[in-house]
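Below you'll find the structure I mean.
By letter and in written order, the chains are A, B, C and D; residue numbering begins at 1 in each of them.
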């Protein structure tokens, strides 16, 4: 990644470098969008729907999404389920352990804003965007597998609009 | 000159002649030719590994009544190319507490060791990089490097799960090496040679019935024990305890990301192909077979063995570490050695050879 | 044994140590003095006709005026069920641990200690496990507990 | 090996770990592969539901109960609704009771199918997981056509059920029951006699009867340890006393027995569903109560039912207002996690995983 990160710096100095960069962007984005590996992560109700989405009827693998058990090899955390204040530092650590470029999908009401029930609750984090940057929000309690797939497609769309030079800022 | 022993297919003979015409002298001639050969083999193997990853996902999908990758090309055929490209772009995480040299070299050794075995594997009639007269011995020696790399990965990551994975892998591979070698020795008794080409040659003719697997009962026993040991050697389920996802999260490669992980990942599949290729050469007649070209026969047979390993993976639960050891030492080792001794005795008595 | 027979039997058997409460619906509910809890529990578990060897649940209760702790017991052998209630003082809520009799009480008591702040005597392992490690806002399950982001809804009347 | 100096080390398994079924954290002290000491740490999913319930009306508590035990959400709703109905002495229409039993049993099967898949996955077989979830989808379809949700149903209401079943439900349900009954042989064929599966589960995580009783272990785990106790039979709630079914019971108390027992329970549940479908009467499904002004009379009770994991209970105290004074939820997983150190100390880490999986722990029940 080191070389690729420096690519924009070098390529802009030579004539036609921008063109190279654009086509590289296209290829790289396409490859990243096509193989989004998700972390095996689930805390509460949404985890069951996440499992269902990985199973026979909905089949995450069609989109090239397979699960990895370790955050080092994952590209996206699908935060499935309530994040409590006790768990929040763990989520942050998981996110920090991931390799760039990394994404977060907030699945379910609890991760979007604390959920439909826990607004007067002393132990639930009201939305995970206090802890980690979120790319796609999927509301629902829990969201249907179709909505999760839709969210993943949106994430793919988002990835395809990125450029290599974006990475340096992160 | 070593080159003379290696029969190269047309293009390399042509290349050799071309280079000689250019006025290239030894030792540069050999170096250039071997480099080109290695690069070709390396490229082909990378493609094969990528194909195997895709194939595994498709097989897993179909066993589980789903589709597997569908979005990239016809039935997702370039899915794994995309995966590889993505892994290339991922950040290379280097844990602060790592053992620097060990952490760095582990995937390299794993990757290189996986590919080095292919120097002596005959992909077809004459399709071999170097026909060493100790070919199979060389393979046994070189594939064992994998275990060193896994142990290094476990140690270098400075992670307890990784260390457990590395230790498990060391214990496992060392144990299963014994029955594996014993079943290979049975074949060597049949063929009387350590050279992979000679072993293949001695299975020629008589349609398929000269294959060593069809030498009852020792051939078939040796084949089965070899396949079991080879599954363990390639760290596949039911012997995948070094990276048991549910126990050790990801085992030895827990701290590896990006391209370093990809090297482990590809090496795993190349290893799987290696053990299948050896099984093909030793037991299934190598490139021999009627009608089809030799390399196609080799590929078909090897892929069938790979298929077998994949179906294992998606069917069986995982063994526990002590049961794994017990199985190796209390069952496989006695069986393979008895098989070996009996086969040797039969050969000595000259009963059917 | 039906509910009434059971009630009679227990009251007769443990004279003066417990008294049945009317508020208990469905299953018999008894009130026990804190000082008698262990002896009563011992008898309930060991009596041949009762054998309450299964502790279903321990609930801490804050009614606003007083603290209570309720033991829900079941007998697997005789197929019976009762609840025991101990009333604790609001100033100094403390109760003897029943771990010796029902080992299952361990975590339930720990939880009550954590969420209600009742002192469990002779527990041995009163450490925080439900709330966050850096929790410093008191005992959240008490009725008078308050926190900046906590909203108590008014009584609905329609 | 006596002269060799070895050192114990601590491994933190969880809260994010593939085989801790959510967010349980086990601090393991290990001697090589051997687990010397286990210390469970819970609370990573503590959502303070009991406190929230005190701040809601009775009707508002019901959907919250879904989140208390989402794998068998129906029974979690039912146990609360049952308690409130008994406190307020509400008569539930006959049809509603039948529908409740059908839903409870369907949900029990769904939960056991998840157990089947998740346990197989923890022991390393990935395919049974998908097979289990495949048949679960049939049940989820039935729930979806009845109340529109896949996981958290809010179907039980105080006084009945929220929706009557559509007319396609009964044929679909019979078909699903038939399919699941047929697929049972597939499940058993995949694992029951698989030598690796036997080696991994037989005599692993043995839970003796005395220990099980003392630690309040209930449900299939208790029955696998040789205590034939099922609240559906021993303290019948709803209309369970009208159905003919067996309580499977096994005696070794190891992981294999727990696994087999749950498969047997699926069969029994299928029997109950067929009987309930046959006897389903016509009529109302809901006796309306005003959810805003529903005040059960003051009183307290502990209501318990048998869900797929064991005894699920709710202790409710009503003080005559619209909100409960106290709702204490009792999930059987709480006791199962508590007993884990007693069962699994001194085994290999792989056995710990197998034991934990067959105890069928689900974390929201523990943390609430």
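For the reader, a short list of remarks on this structure follows.
The definition used in the following text is that a residue touches a chain if its C-beta (ideal position, glycine included) is under 8 Å from a C-beta of that chain, and two chains touch if they have at least 3 such contacts.
As the structure is a prediction and not an experimental result, all values here were calculated from the model.
The chain with its C-alpha centre at the largest distance from the centre of subunit B is C. The interface holding more C-beta pairs in contact, when B-D is weighed against A-C, is B-D. Here the CA centre of subunit B is 64 Å from the CA centre of subunit C.
Subunit C has its Cα centroid 45 Å from the Cα centroid of subunit A.
Mean C-alpha position of subunit C lies 24 Å from that of subunit D. Residue positions of subunit C with contacts to 2 or more other chains are 131-132, 140, 151-153.
Multi-chain contact residues of subunit D (touching two or more other chains): 18, 43, 46, 48, 51, 55, 130-131, 134.
Taken residue by residue, subunit B touches two or more other chains at 60, 64-66, 245, 249, whereas all remaining positions touch fewer.
Chain contact topology: the protein chains form a pattern that is neither a line, a ring, a star nor a complete graph. Contact between chains, as defined at the top, is found for A-B, A-C, A-D, B-D, C-D.
Only residues 15-16, 18, 22-23, 43-48, 51-52, 55, 63-64, 66-67, 70-71, 114, 129-131, 133-134, 136-137, 140, 150-152, 363-364 of subunit D touch subunit A when the two sit together in their complex.
Interface residues of subunit C facing subunit A in the complex, by the touch rule stated above, are 131-133, 137, 140, 147, 149-153.
By the touch rule above, subunit D contacts subunit C in their complex via residues 41-43, 46, 48, 50-51, 55-57, 86-87, 213-216, 218, 227, 229, 234-235, 290, 292-293, 298-304, 311, 313, 315, 317, 319, 321-323, 325-326, 328, 330, 334-335, 338, 367. Taken in their complex, subunit C has these residues touching subunit D: 23-27, 29, 53-57, 59-63, 70, 72, 74, 76, 79, 81, 83, 102-104, 106-108, 129-132, 140-141, 151-153, 155-158.
Touching subunit D in their complex are the following residues of subunit A: 40-45, 47-49, 51-52, 55-57, 69, 81-82, 84, 86-87, 90, 94, 117-118, 120-124, 141-142, 144.
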